[in-house]
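Here come two complexes built around chain A, the first alongside chain B, the second alongside chain C.
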Partner chain A sequence: MRSNRALGATLVGLARALGRALVSEDLARQCGLLQSLDPRVRVAGLLTLVLAVTLSHRVSVVLALFGTAVLIAWLSKVRLATLFIRVWLVVLAFTGVIALPALLLTPGDTIYTTAIGSLRITAQGATTAVLLIARVETAVTFTTLLVLCTPWMHVLKALGAFHLPQEVVMMLAMTHRYIFLLAETASQMFESRQSRTVGVLDSATQRRVTTRTAGVLLSKSVELSNDVFLAMQSRGFRGDVKILSEFRMRTWDYVGLMAFLAVGAFAVWMGRS
Partner chain B sequence: MDGKILTASPIFEVQNVSFEYERIPALRGLSLTIDRGQSVALVGANGSGKSTLLRLLDALSFPSSGTISFCGDQLSPELFRNDGYALSFRRRVALVFQNPDVQLFNPTVFDEVAFGPLQMDWSSAEVVAKVDKTLQLMGIGHLRDRAPYRLSGGEKKRVALASVIVLDPEVLLLDEPTSMLDPRSQSQLIDLIQQWKGSAKTVITATHQLEIVEDIADRVFVLEQGSVAASGSAHDILSDGDLLLRANLVHAHRHKHGETTHSHPHLHSHEKHEH
Partner chain C sequence: MHIPDGYLSPSTCAVLYAGAGLGWYGALRRIRRTLTARMAPLISVFAAFSFILMMFNLPLPGGTTGHALGVTIAAIVIGPAGAIMSISIAIAIQALFFGDGGITTLGANCFNMAIVGSLVAYATYRVISSGAALTSRRRLVATAIAGYLATNVAAFVTAVEFGIQPLLFHDARGVPLYAPYTLGVAIPAMMIGHLAIAGVAEAVIAAGLVAYLQVADPSLLQANSGLVPGVAVADRPAPPKSLRKLWITVAMLLLLTPLGVLAAGKAWGEWSASEFSSAEGRARIAASSQNRPPPSVTPTGLHRLSRLWTSPIPDYAPPFVKSPSLGYMLSAMFGVGLVMSLSLAVQTYLQRRRGAGQAA
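Entry: the complex of A and B
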């Protein structure tokens, strides 16, 4: 039953994630720094900072950008505890695994010798690992801030304004809606299976059942996505994202855009190797 | 489309239409005519082709063979490549899906109802005014800023209906509008449909719930295995027990009277139950 519990926990986790996605729409309607800017400035500005993070080769510069991300989050009324749990811990867990070999295998000046024979931590290895983790943490924080502080339809419209192909924008629009339905369907299928399962299934049967369930879910997902698209089409959707609030650049937006570009350019300049 | 209102002229003409889903026939040579301002019920058991027909009438799919005409224009993929025609058609014909979840894809109820008008390129002021008016009309003003995913089944149905009624379409296509609803929500929804049909609009409802047919339709088409098995007034169709039994719309109901057990076709209607 252990894998049943694991599957259950995954689905519950997915449901919670969806709940949080809904909360993010509430956050996007609050009055904060990012929320006060035109969505196009938010998209262009935060993506500039993500680019700056990836182009910076100095840990100090990436950490300064991380500080900037924290400041922006605080001024945009995003709870740091939320970022800590949803972004920083998760990213640390995943990136840590990737960074570990760099920490132990990069040649250079030894700063610590492990108990296992030839494995040594070098200064160069530590710098590479910290740089990798800091870059990913900072880039993901900026991206999360964009999604948290901007209603999804505004993000899509802003992407359209940057001439992203209409097909891609439409695909993103569909995915956003459809993923809720898919998670709900998966959760219901799991509950239904659980209610009809008595006793413990051996692992071969469990694998077979899980494979079949995945196949059915895939078929259902194709049908659902088709229905969602038809429902949009039925109400006149022709591929253009149209929202009520028209984007209008004000002085404050230009100031914000200049600030983002200046910080990004300065970080790239300071962070060159 | 000239937009002229002619009474008792056909709004939809369906001629010998067949349609297949991955080689499985859903409609087989179906023909029917629906007049302007008529309230029509498409009744039939599950799999009889009701939902497929509604999708074809809404030009979301096109027949494998046969023709469907709307106000004299034969619906075809080529016709819908013309954005002007497509928008005009979407404005005039609206479909409420059976599963409201597929129809509600916006972050708030307000955005959901505003989706259609925005596609029609109405001005912002007009969109806001229309949406607010529709929310009040449907009694869901208090749900304005709620996420549609979090609503109850009845509320979702109302929002789904509001999201198409806001366009004030000439034709309203409803797919099983009362399914998944509790009796009170069902009754409220029927009241809304009656209000709508009272305003000289064409209402086409697919349902297998015979008990609501007389309330929502003047004319009934009975669908059986993808074609029309019978048509007539709601009263005539509902009185034909053999037809309803053959179309799997009623079941032989076994019950006891004193010491005698017998069976007969059973229909849950508002009329008195007689033997």
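Entry: the complex of A and C
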């Protein structure tokens, strides 16, 4: 089994994606700060903060925004351990690999000379590495909070309210639904193949299994799209898309929106270089 | 290749959102014109399929594993417009729902993978597989090359976006505000992994899928194959030899040539003999050679051979043009004209020889 690594990794990846989606649906139903706001305010507000993070050029301002993200998460009943495992560690590992060489490669004023003589850490390199990691951590935290605290259909309806073409909103909604269906189908195909496998498969056989599974999944996908189209047609679909929106803005939502905009504008102002 | 938030400056993101917006507008217009309510579920299901395909770990020769983008099979089965929309939707869901790739960088990610990837894959596939039967081996080769090229061109465009950040966006102390590496570091760092792993993964999975469809359901390959349904390849009339598309591509490439001006300094090893004797030139050579100083005198062989030929337009900068960008463009036009004249001359010569042979 040890050598059937790729098949196993694919199974784990698919299961993890399905598991994460369930966690999001549960969190979105909790009573917290973000959950109490209109989905349009959540989308506009958190995307404003992501933009403010990107526009800020000072580490201190980005760190203050990170603090704001942690506070929002706590008030929205999002467990910090979830954010730590799902976002902060992953981003640190990914961005850290990219940012750390900048300590040595960015020219500037030397602040530390390593044991290997010609390698020097520069002040400019340290600033750029910290700024990059802090910025990515903060932006991804805001995006994750949006996803964790808002059911996907509400995100889509909110995007529709911002004049995203209705066809695109419909396709996003359909895609999201079929991702889970196809993920489950793929997972079952890999699982049944694994359960029929005795011993270890060489790399070429695993490659063939993966490609054929993808081929069967493609055929099933196309078949599914035909079935879905016929079902839509039988219900009167002629290509015109209309999305119902039941959202109503209340005073609390306006307060929330103003707060998001104020924090975002203040951060951009303070974060100028 | 999924760029997270914070790596690209807001202005770069805005430009790439505009570029992606043009691609989305064109794709949506084409989809609305050519069809059909049927396309909506097809694109959605294909987006879901591409999303799942990106999660497949493909074992590659050498013991490593890679992920495919799914852009090549999408372009081949549902065409470039459908592929642009379906891959964009998959990327948007990855960013919004799974936090893979940023929101501010969504335009950039869609531009690189969905638009550039789809167009390169489709164009390569159509050119190489032109006239081949649906079940021919040439279509497999075309698919593999298309997948490899699409992934690597998309990665190259991404690397350029990373690489121009420190050149354009830094503070007064020289601290890069976004991605910290210049083109000289970003391009090799990005391309090594894609040339060796990601491109191979896309090529293997796309060719494997086309091989499967050739056996299981060749009709899925029909729509974007360039073949007329029910007409044997040999019976098909020859396609009109229009050079319009080629001219448009050449013109676009000419307009893009000033990108070369963005690259700081010279490519390593392309120094002129005079640079070894000037202090500024020596500093440049040392800086690009890990601070190793060049020899104190110009190498004799280099000095002797460099005088053999003097270029009429040195450094792509005609002496009468002040702007480097315009100089690049003029040099490109001159080069293209020269290559085409030579090709025409060779073609005319070969035709005459063939004519003479037939007459004999």
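Keep this in mind: the second predicted complex is superposed on the first by the 236 of 273 C-alpha atoms of A that agree within 3 Å, B and C clash if a C-alpha of one lies under 4 Å from a C-alpha of the other, contacts with A are read in each partner's own complex, and residues count from 1 in each chain.
The rule we apply is simple: a residue touches a chain if its C-beta (ideal position, glycine included) is under 8 Å from a C-beta of that chain, and two chains touch if they have at least 3 such contacts.
Everything numeric in this text was worked out from a predicted model, so none of it was measured.
Asker: Check whether A:L132 is in contact with chain B, with chain C, with both or with neither, and answer first, second, both or neither.
Answerer: A:L132: touches chain C, not chain B.
Asker: Tell me the contact category for A:W152 with respect to chain B and chain C: first, second, both or neither.
Answerer: Touch status of A:W152: both partners.
Asker: Looking at A:Q206 after the superposition, I want to know if it touches chain B, chain C, both of them or none. Which is it: first, second, both, neither?
Answerer: A:Q206 sits against chain C, while chain B stays out of touch.
Asker: I'd like to know which partner A:A214 touches here: chain B for first, chain C for second, both or neither.
Answerer: The second partner, chain C, only.
Asker: Taking the superposition as given, does A:V228 touch the first partner, chain B, the second, chain C, both, or neither?
Answerer: Both partners.
Asker: Any idea whether chain B or chain C touches more of chain A?
Answerer: Higher number of touched chain A residues: C.
Asker: On the A-aligned overlay, A:G96 touches which partner chain: chain B = first, chain C = second, or both, or neither?
Answerer: neither
Asker: Of the partners chain B and chain C, which touch A:F237 in the superposed model: first, second, both, neither?
Answerer: In the superposition, A:F237 touches chain B and chain C alike.
Asker: Of all the chain A residues, which ones make contact with chain B and with chain C?
Answerer: Looking at chain A, the two contact sets intersect at 152, 181, 224, 228, 232-233, 237-238.
Asker: How about chain B: which of its residues touch chain A in the complex?
Answerer: 55, 58, 60, 83, 86-87, 90-91, 94-95, 97, 99, 101-103, 105-108, 111, 114-116, 118-121, 124, 127-128, 147, 149-150, 163-164, 167
Asker: Considering the complex alone, what residue numbers of chain C touch chain A?
Answerer: 4-7, 9-10, 13, 28, 36-38, 40-49, 51-53, 55-61, 63, 65, 73, 77, 85-86, 89-90, 92-93, 95-99, 102-104, 171-181, 185, 204-205, 208-209, 211-213, 216-217, 220, 290-291
Asker: Residue numbers of chain A touching chain B in their complex, please.
Answerer: Touching chain B: residues 22, 25, 151-153, 177, 180-181, 184, 224, 227-228, 230-238, 242-246 of chain A.
Asker: Where on chain A is chain C touching in the complex?
Answerer: The touching residues are 5-7, 9-10, 13-14, 17, 20-21, 24, 47, 50-51, 53-55, 57, 86-87, 91, 94-95, 98-99, 101-102, 105-108, 118, 123-125, 127-129, 131-132, 135-136, 138-140, 143-144, 146-147, 152, 155, 165, 167-168, 170-172, 174-176, 178-179, 181-183, 186, 203, 206-208, 210-219, 221-222, 224-225, 228-229, 232-233, 237-239, 241, 273.
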